[in-house]
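You will see chain A twice below: alongside chain B first, and alongside chain C after that.
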Partner chain A sequence: MNARILRYLQSDWAGPLLIIVMGGAVIAALKPTFLSPFNIQVLLLAISVNAVIALSQMIIIGIGQMNLSVGAIGGLAAISFAGMMQVWELPPLMAAILALLIGLTGGLVNGFIIARTGISAFVITLASLSIFKGINLGITKAQPFYHVPDSVKAFGNTVMFGPIPWLVLPMVVTVLLVFYLLTRQRVGRYILAVGGNLHAAELSGISVKSTIMWAHAISGILAAMAGIMLVARLQLGQPSIGDDWLILSFAAPVIGGAVLAGGHVSVAGTVLGVVIVAIITQALVLFEIDPFLVQVVLGGLILWAVGMNRIREVRFQKSLKRI
Partner chain B sequence: MRFYQTNEFGLFALIILFGAFFALATPGFASVFNVFSLTRIMSIDIMIGFSMMVVIVTGGLNLAVGAIGVSAAMACGWLIEAAGVPYPVAILLALAFGAFLGAINGILIVRSGLHSFIITLATMSIFFGLMIYLTHAQAFRVIVPEFAQFGKLRLFGTVSALLIVSCIFAIALYVLYRFTPLGRQMLAAGANAAASELSGIRVDRTYIICHALSGALAGAAALMVVARNGAAIPSMAGHLGQDWLLPAFLGPVLGGTLLMGGRVSLLGTFLGSALVTTLTNGLLQLRVGEFWIQAMLGAILLFAVLLDLARRSYLQRRGIY
Partner chain C sequence: MTSLLEAQNISKSFPGVKALSDVSIHLAAGSIHALLGENGAGKSTLIKIITGIHRPDSGNLLLDGKLFHFSGPREAIAAGIGVVHQERNLIPRFSIGENILLDRLGGYLFKPIDYESVHQEAKDWLDLLELDLDPRTQVSQLSVAKMQLVEIAKALSLKSRVLLLDEPTASLTSHETVALFSLLKKLRDDGVSILFVSHKLEEIQEICDTVTVLRDGRNACDSQPMANVGRQDLVRLMIGRNEQIPNADLRDHKTEEPVLELVKVATELGHADINLTLRKGEILGLYGLVGAGRTELAKSIIGRYRVTHGDVLVNGQKAKIKSVADAIDAYGIGYVSEDRKQEGLILIHSVLDNASIPIWKRLSARFGFLTDREVIAAINPLVEMLEVRTPSLQQLVGLLSGGNQQKISLIKWLAANVHILIVDEPSVGIDIKTKAYIHELLRKLSDEGLSVLLITSDLPEMVALADRILAMDQYRVKGEIVNNRNYPEVSEKIMGFIHS
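== the complex of A and B ==
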């Protein structure tokens, strides 16, 4: 029994969960409005979109790379989604599917170039970040698409029941799908294998190139998904969607225990990382602290999380040596 | 390698080629005013490129160049406007502040043993957030007239005086890498950290100095932006200073500085940044749609890394490289 509890405590999500419970209790004790239905609804709205953003980056961290263009792909998909509904008057579902396809294409372009050339993902996604963002600005001329159908607006701003907004639904489905993919599907296992040890993966018969393309394709779809959800929430297709995703997309996975060298990510940990970020942001608002400090806190969280992960890693390696 | 096979020659030829093309295609390009504003932006982009180049040498990168630059510029504005420090002292203090922020990056990277990507991603958010918090996102506009005058100064009636500053920094960096033990140690540590450590180089200290240098150069670039605008504005490098990332990498990558570290091309970075500015300015003059410029810059970066890959594999096959 004790060993089992110990194992749970050592898992990636135990630390973040402990922080959430304790932090939540402290904030709720000081500011009872923290647990008001409205506040919980605001929290859930933020968590829904941010979790999908974080998962989009987490997949790429899993394969040991980074994707700077998550925000740019999300932004391009978002304005395409709103634009297709406004200009071509497509039904929302159709527009959403096409926007997801745009995200898929963006991810595939990234993955194809990285896999074929072997150039670092950093440089390729930095280049594609400007290309996607540039196409976004070229299409919109930096003006938002305002005419979003009422059904989409309602989806982003009404509740299913109690304080649970509808936007939670696509988030939960996405989280479960990504979890299923990484733990039960061949492609997911391949992604983690390539991230863990590229050469070993290749020698065991995994096609590294196609796995890299798969990972980037999934990342692109998830980024597009987040973009579409944000259009529903903001009620307009803003060209600046995605500009501020970069820091958050790395913060949540590393808080959740992801190893940046690849091979080890935690879906539950990442979602809890998003929850921590949302609670801190909300706390700054409730305690009327300067909202600009959110950036400082996010940066500090990343440093703290990577530092803790590093210490765990060193300790783990020491324990290996002892054996 | 023959001179005409070098990357630098290619860049130089491209600048001449595109310059001639734009001059013929649009009368505005070669006008006195445009050459002035072109060289002014060029000199700033070159400095941004240098500030990234000096950390790429170590095989790392510095995402916080924009955030550090803006922080240093705002510090300079505060020193002059609120603290009443004479401007030459304020400039030196601002550069020192940039170096200090860079050194923080370096120390965190060396002490934690983590990749510079994640550390500078975090500090980029921290530096920028603190800067906005402390300045309340307000600009310092009452900066001494000498700043704006220097930004408007023209040499030979056309070329911006800021270009001289970039040239001085380029020469100083050349001397550093070519003739000083410290510069050689930076290159050695970047090429092979383990071998350098064994030959008595203090790799950790060298990396920290590289990051401090990057911070100081980013500060210098930001001060040049202040000279151009006549004010220190918190949003001058975009959200979190992200707008500097593309120019920061375009210069060194076009210039042939290896991203793995250990190699540096000053002239290449200089010409690479100059080429990007020429292209941006020329395309704006052609009125091909200002909103498409960013997409084109991204395409240029992609094209540059692919071309470099092709060039190196060609030279390798021919056994020249």
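== the complex of A and C ==
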């Protein structure tokens, strides 16, 4: 029994969960409005979109790479989604599917070039970030698409019941699918295997190249998903969607215990990381603190998280009872 | 006898080194075939060519008499060739079971992996090796020996017709080795063809039916029946001489001052109770099997890892070596790494820049100003003295041959004027001529007063160079041998210490 509790405490999500409960309690005690239904609804809206963004990056961290173009892919998918509904008058579902395909394509392009050339993902996605963003601005001329159908607007802004917005639905489905992918699907295990020890994975007969392509394709779809959700929430196809995703997309998985060298990520930890970021952002608003501090706090949070991960890693190595 | 797998006249070059030339080997079904050779003889390269990791420059590979050419490990696995490589190749955060069945996890799109059956099947393979491990255990919790056994289980699980084992017993206990051997014999009787690489001649003679010996990338013998060759023959084939150790003088340093002493030293890596005395002008050998903790001890001495207990004395004074920079600047201790390409040299920098790194601090004038002229003046005489073959000092080190790279690694420390030099596997990946040269050089330098701590897995090299030898096993010093250059006698004593 005790061993089981200990194991839970050592898991990736225990620390973040503790922070959320304690931090939430402190904020609620000082500002009771923190737990008001409206405030919870606002929190959940932010968490829903950000969780999908974070998962998009988390997959690539899992394979031991970085994807700087998460925001650019998401932005391109977002304006395509809004644009197709406005200009071609496509039904929302059709437009969403096509936007997801655009995300998939963007991810595949990244994955293909990285796998084929062996150039670091950092550089390739830095370049593709610029390309995707450029296409975005070329299409929109930096002007938003305003005519988003009411059904989409409603999906992004109404609640299912109580304070639970509809946007939570795609987030929960995505989280479950990614969890299932990484724990029970061959492709998911291969992504972590390649991230854990690329050489060993290759010698075991895993095709490293196609695994890299898979990871980036999934990352692209998730980024597009987040873009679509954001269009619904903002009620317009804003060309700047995705510009501010990058820091969050790394912060949440890292807070959730992801190893940046690859091979180990936690879906639950990443979602909790998103929750922590949302609570901090919200708290700063509630306490009327200058919003520039959000950036500072977020940066500090990343440093703290990687520091904690490092300490845990060292302790883990030392504590290993080698059989 | 027909061959199941055959390699004919394989040649392979890497930049600066001819790894294999005209090598042939014939593996018969239902036999265990020994592949022997010293470090750098080309055994691992041959295995990597058979499994499609490297492409041969010329020569043929035949499976069942048919030409084949694998473009990667996947195809080799599909063709029924299983390998246990010398390097550990497991995913640390995955379970034992998942590692064993990694390429056959099942679970197509939307169909989940059935971990119950994965672990059940893995358990069967572990049982075959008499391994009492839970297949759900994370691999990162295993000792090196257990990891090696898991890798063997993984290769077995492929039900390969050809099984290539690159030093499978290097870190196994004798009990584990016995279990492995009985299994290998059973596989042989089932018709599997096994290629067995090892340095332990007793093992090889016990279990192998045929033998191929490589020396300097060539066949010293090709697929001979083991019954026809004795132990002496094997050694002669491997090292090309009848265990004749060059007639170096026996030197006695008992009266010299100790320059480096370890007294009951323990380290954060797990060394315990290490006592060692290195005297002026002496070459002290540290011998042990892979994983004995020799390199780790060397790195602890130079401050890379922490010494947790005991005293380190340099020139009779207690030394507090807190970092590698300390070791070089304050105590004059240099370390030539066994891993030249990763730890020893910066391959994409020039000869001059590599050789002079440790002396930049000393040569730089006020405000850290460093002139090329001074650096060249310090390095050039050494480059000439050691006869480094390089077109210029500006040549990139990565473009030199292994032997010349090793010379640069030595020059680095000679220029830094260290008085204690730790040399780790000085002749890995270098040609036989340079090897002889480096031996001569180390002996000459020690005659001139340099104290050398020599780490090598190459026993003939150890016997040829060291004045005294410490045998290490499991992060402890097991015993000391005064080297009388009599190979059989010394090797007997060392093995006695290690296996006791």
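Note that the second predicted complex is superposed on the first by the 319 of 323 C-alpha atoms of A that agree within 3 Å, B and C clash if a C-alpha of one lies under 4 Å from a C-alpha of the other, contacts with A are read in each partner's own complex, and residues count from 1 in each chain.
Please note the rule applied: contacts are C-beta pairs under 8 Å (C-beta built on N, C-alpha and C of every residue); 3 or more make two chains touch, one makes a residue touch a chain.
Predicted, not measured: the structure shown is a model, and the values here were computed from it.
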First (chain B), second (chain C), both or neither touched by A:164: neither
Partner chain in contact with A:17 - chain B first, chain C second, else both or neither: neither
Which partner reaches more residues of chain A (counting touched residues only), chain B or chain C: B
Contacts of A:290 with chain B and chain C, given as first, second, both or neither: first
Partner chain(s) touched by A:185 [first = chain B, second = chain C, both, neither]: second
First (chain B), second (chain C), both or neither touched by A:97: neither
First, second, both or neither for A:196, with chain B first and chain C second: second
Partner chain in contact with A:207 - chain B first, chain C second, else both or neither: second
First (chain B), second (chain C), both or neither touched by A:299: first
Residues of chain A that lie at the interface with chain B and also at the interface with chain C: none
Chain C partner contacts - residues on chain A that touch it in the complex: 180, 184-187, 189, 192-193, 196-197, 199-207, 263-264, 320-323
Touch list for chain A against partner chain B, complex: 66, 113, 117, 119-120, 122-124, 126-135, 137-138, 140-142, 243-244, 246-247, 250, 254, 260, 290, 292-300, 302-303, 306-307, 310
Chain A-facing residues of chain C, complex: 53, 72-74, 77-78, 83, 85, 87-94, 98-99, 102-103, 105-109, 112-113, 133, 137, 140-143, 146, 154
Residues on chain B engaged by chain A in the complex (per definition of touch): 61, 108, 112-115, 117-119, 121-130, 132-133, 137, 239-240, 242, 245-246, 249, 253, 259, 289, 291-299, 301-302, 305-306, 309
